[in-house]
Amino acid sequence: MGARLKFSIETARRYPLSFVLKVLVVGSALLTLGALFFLLAYIIVNGVPHLKPSLFAWKYNTKNVSLVPALLNTLIIVGIPLIVTVPLGVFSAIYLCEYAKKGSKVVEVVRITAETLSGIPSIVYGLFGLLFFVIYLRWGYSILAGSMTLSIMILPLIMRTAEEALLSIPTSLREASFALGAGKLRTVFRIVLPAAIPGILSGVILGIGRIVGETAALIYTAGTVPRIPGSVFSSGRTLAIHLYTLSSEGFHTNEAFATAVVLLIIVLLINALSAGLARRLGGGN
Amino acid sequence: MDKMMVKNLDLYYGDFQALDDVNLAIPENQITAFIGPSGCGKSTMIKTLNRMNDLIEGCKIEGEVLLDGKSIQELDVNTLRKRVGMVFQKPNPFPMSVYDNIAYGPRTHGVRSKAKLDDIVEKSLMDAAIWDELKDRLKKSALGLSGGQQQRICIARALAIQPEVLLMDEPTSALDPISTAKIEELVSTLKKEYTIVIVTHNMQQAVRISDQTAFFLHGQIVEHGTTAQFFSIPQDKRTEDYITGRFG
Amino acid sequence: MTMQVEKLMHAVFFIAALVSIIAVALICIFLFANGIPAMREIGFLDFLLGQRWAPMNSPPSFGIFPMIVGSIYVTAGAIIIGVPVGVLTAIFLAKYCPAKLYRVVKPAIQLLAGIPSVVYGFFGLMVIVPFIRTYLGGSGYSILSASILLGIMILPTIIGVSESAIRAVPREYYEGAVALGATHERAVFATVVPAATSGILASIILGVGRAIGETMAVVMVAGNQARVPSSILQGVRTMTTNVVLEMGYAYGLHRGSLIATGVILFVFILMINLLFSVLKRRTNYGS
């Protein structure tokens, strides 16, 4: 397809409209990539020089604005939703793919609700988390309230990727297992699920990315306390919220840049992991 | 002695009748071949013998299939499938090691001891005439093998649960001629220990390996009998047309 | 024994499948139960069409019309900026990009989707806002800044969905056109892209959903004044930012009115989702 990218004056003269369209197409692609690279470069160039040791002090204070507590909180707030939602989402996908009858009403309703969930904006999740977990269940601003809110938020993502992974497993493997006298449960857990793990994992990685970058759903559920929490019922800010508070206060622009670099590095790692997995998935088939 | 009997069997997929009043005896320690053009019901028939059709929604069966004189509907389906093993059209090894592929069936049926599993794996691979090729690669993934090897792994896997009957649904249709010859040779030796039913679209194959042949057309059995008689003196005009290549 | 385990796990899987239904039900119940009474107290029309948002005044006024308008403005701006660039980039990926280049460009666009909104917001705050202030005047915190930023943020959504819609068009369409002597561009733009229209529309609707629901990036660059703006260089407040700005200290009817703002946003999103699934269904039948 490389030839399609060549520009020559002669063809431009013969087909002026085509030439303009080609310029627009290539220009847009360059603009998209340009925006990405400019954003990355700008933050890295301004942030890397400010990655000072004090930023990584164990304890936060208003002078060092250390990001370590926020980083630890992020790990916890990634961990709990995964523990809650991965089994739930995978089991749900197992029901939809392996057990439910075709055209069943329940399946239809589950699909519609999962689609609805995936379209709900984070701030609405945040409001719900505040009303339900923080106020109604009296958990207060806490790591747990934030984690549970995010558990619901990533459920549709885990469900969808797990479902896609299960659907991609050939029926012939299930048949082979049944033909050997294995029951449904054994077939699902010994044959189908192990083969679907890479696909499920890619959903998990996407979910991690979503959580790491989340702010709006956490501000009024997990809160913004910049300390390492004593328990899951204490409040704690994640790295993304940390960056938000730093930049909205406006006193620590350099540290904000440095924090943004750390956040970007995490996102880059997650993306690399997911791209690597996708490549392996593609190569396996 | 008849290992399996099919009596007045009708089978419907929704409104479509795929099998129509099939009556058939499958003699023990012989190879019975089902032949016929695509869509004639031969694959549907073989899948009825171990109730794989149960997996298809909207499939309805009337009539009886007997295994050693007892209705297979009354048996526990997993026990039935342990007694009546199956090899599929396309090789379908599990995405795991050769060893785990073969051991999957025995483990399913409660064999836990390592020594016993080792024995079963070795014997099954020997019976499937692939032990010598693979004995040093037992821990390697079965997916890295050739199509013919994969199909013999699948045969070994079916043998590992020590079935009484072995169903083979066009087991060579996805394979090259050399692999096909190996499998045919293997099938001929297996009939000493097993009752074998094989679906084939290849009449020469039926002639080469089977003892009994049944010819299916539009969901009915047109004719069945010993293979020698079937191919030399067909009783029905349609059989003659089919085996002389006028249609199909 | 095994039969019982099979039955038990069947039930477990079924219950897991019900969780998403329960979640949607809970979200609806809690939002509506807390938002609707507030709307009733304020007066439904006064709330939706009221021009004045002054929750701390006495007597307070709770009109979210400026926020509804604000959400529509920044979303429209994002669509105007993001859709042409996004769709053309999708055409590039599907019909121009050589395989080797694709292996680099595609992950880059996925990365664009993975960057957190707060990083986008910070970038907007540091780059776009000062740029607008310097070259176009005003404070820089404006509809235009928010639109540009959201336009970039919805690119990966638009590109992803449009690209697969374009790829789903049968090769014969393209080959038929080229066989008649059309240039590559004519074949792509006159036959392939029109065939992918409903998929591209779906991508735009999904982009609208993203833009209207975005909170953190907008709050950092939009200025957040709760009034109907008269120029794209003026600041604006959206429904999402209204919630995030004031929820921290609101109580009583003020809090209720913020939740009600969330309810209105939720209803917007539900309508967009509905539109999206209708279009998606149409695409599926098409191919």
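Labels for the chains are A, B and C, by order of writing; each one numbers its residues from 1.
Going forward, a residue touches a chain if its C-beta (ideal position, glycine included) is under 8 Å from a C-beta of that chain, and two chains touch if they have at least 3 such contacts.
Quick caveat, the model's predicted, so the values are computed rather than measured.
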item: Graph class of chain-chain contacts, one of line, ring, star, complete, other; value: line
item: Chain centroid nearest the full-protein CA centroid; value: A
item: Between chain A and chain B, centroid-to-centroid distance (C-alpha), Å; value: 47
item: Cα-centroid distance, chain A relative to chain C, in whole angstrom; value: 16
item: Chain centre separation (chain B, chain C; CA means) in Å; value: 55
item: Residues of chain A engaged with two or more neighbouring chains; value: 183
item: Residues of chain C touching at least two other chains; value: none
item: Contact footprint of chain A on chain C as seen in their complex; value: 2, 5-6, 9-10, 12-14, 16-21, 23-24, 26-27, 30-31, 34, 84-86, 88-89, 91-93, 95-99, 105, 107-112, 114-123, 125-127, 152, 155, 159, 183-186, 188-189, 209, 212-216, 220, 240, 243-244, 247-248, 259, 262, 265-266, 269-270, 272-273, 276-277
item: Residue ranges of chain B touching chain A (in the complex, touch as defined); value: 50, 52, 55, 57, 78-82, 85-86, 88, 90, 92-96, 104-105, 108-109, 154, 157-158, 161
item: Complex contact set, residues of chain A against chain B; value: 101-102, 170, 172-183, 186, 190-191, 194-195
item: Residue ranges of chain A in contact with chain C within the complex; value: 1-2, 4-5, 11, 15, 17-19, 21-22, 24-29, 31-33, 35-36, 39, 42-43, 46, 87-89, 91-92, 94-96, 98-100, 106-107, 109-110, 112-117, 119-128, 130-132, 136, 152, 155-156, 159, 183-185, 209, 212-216, 219-220, 240-241, 243-244, 247-248, 253, 256, 260, 263-264, 267-268, 270-271, 274-275
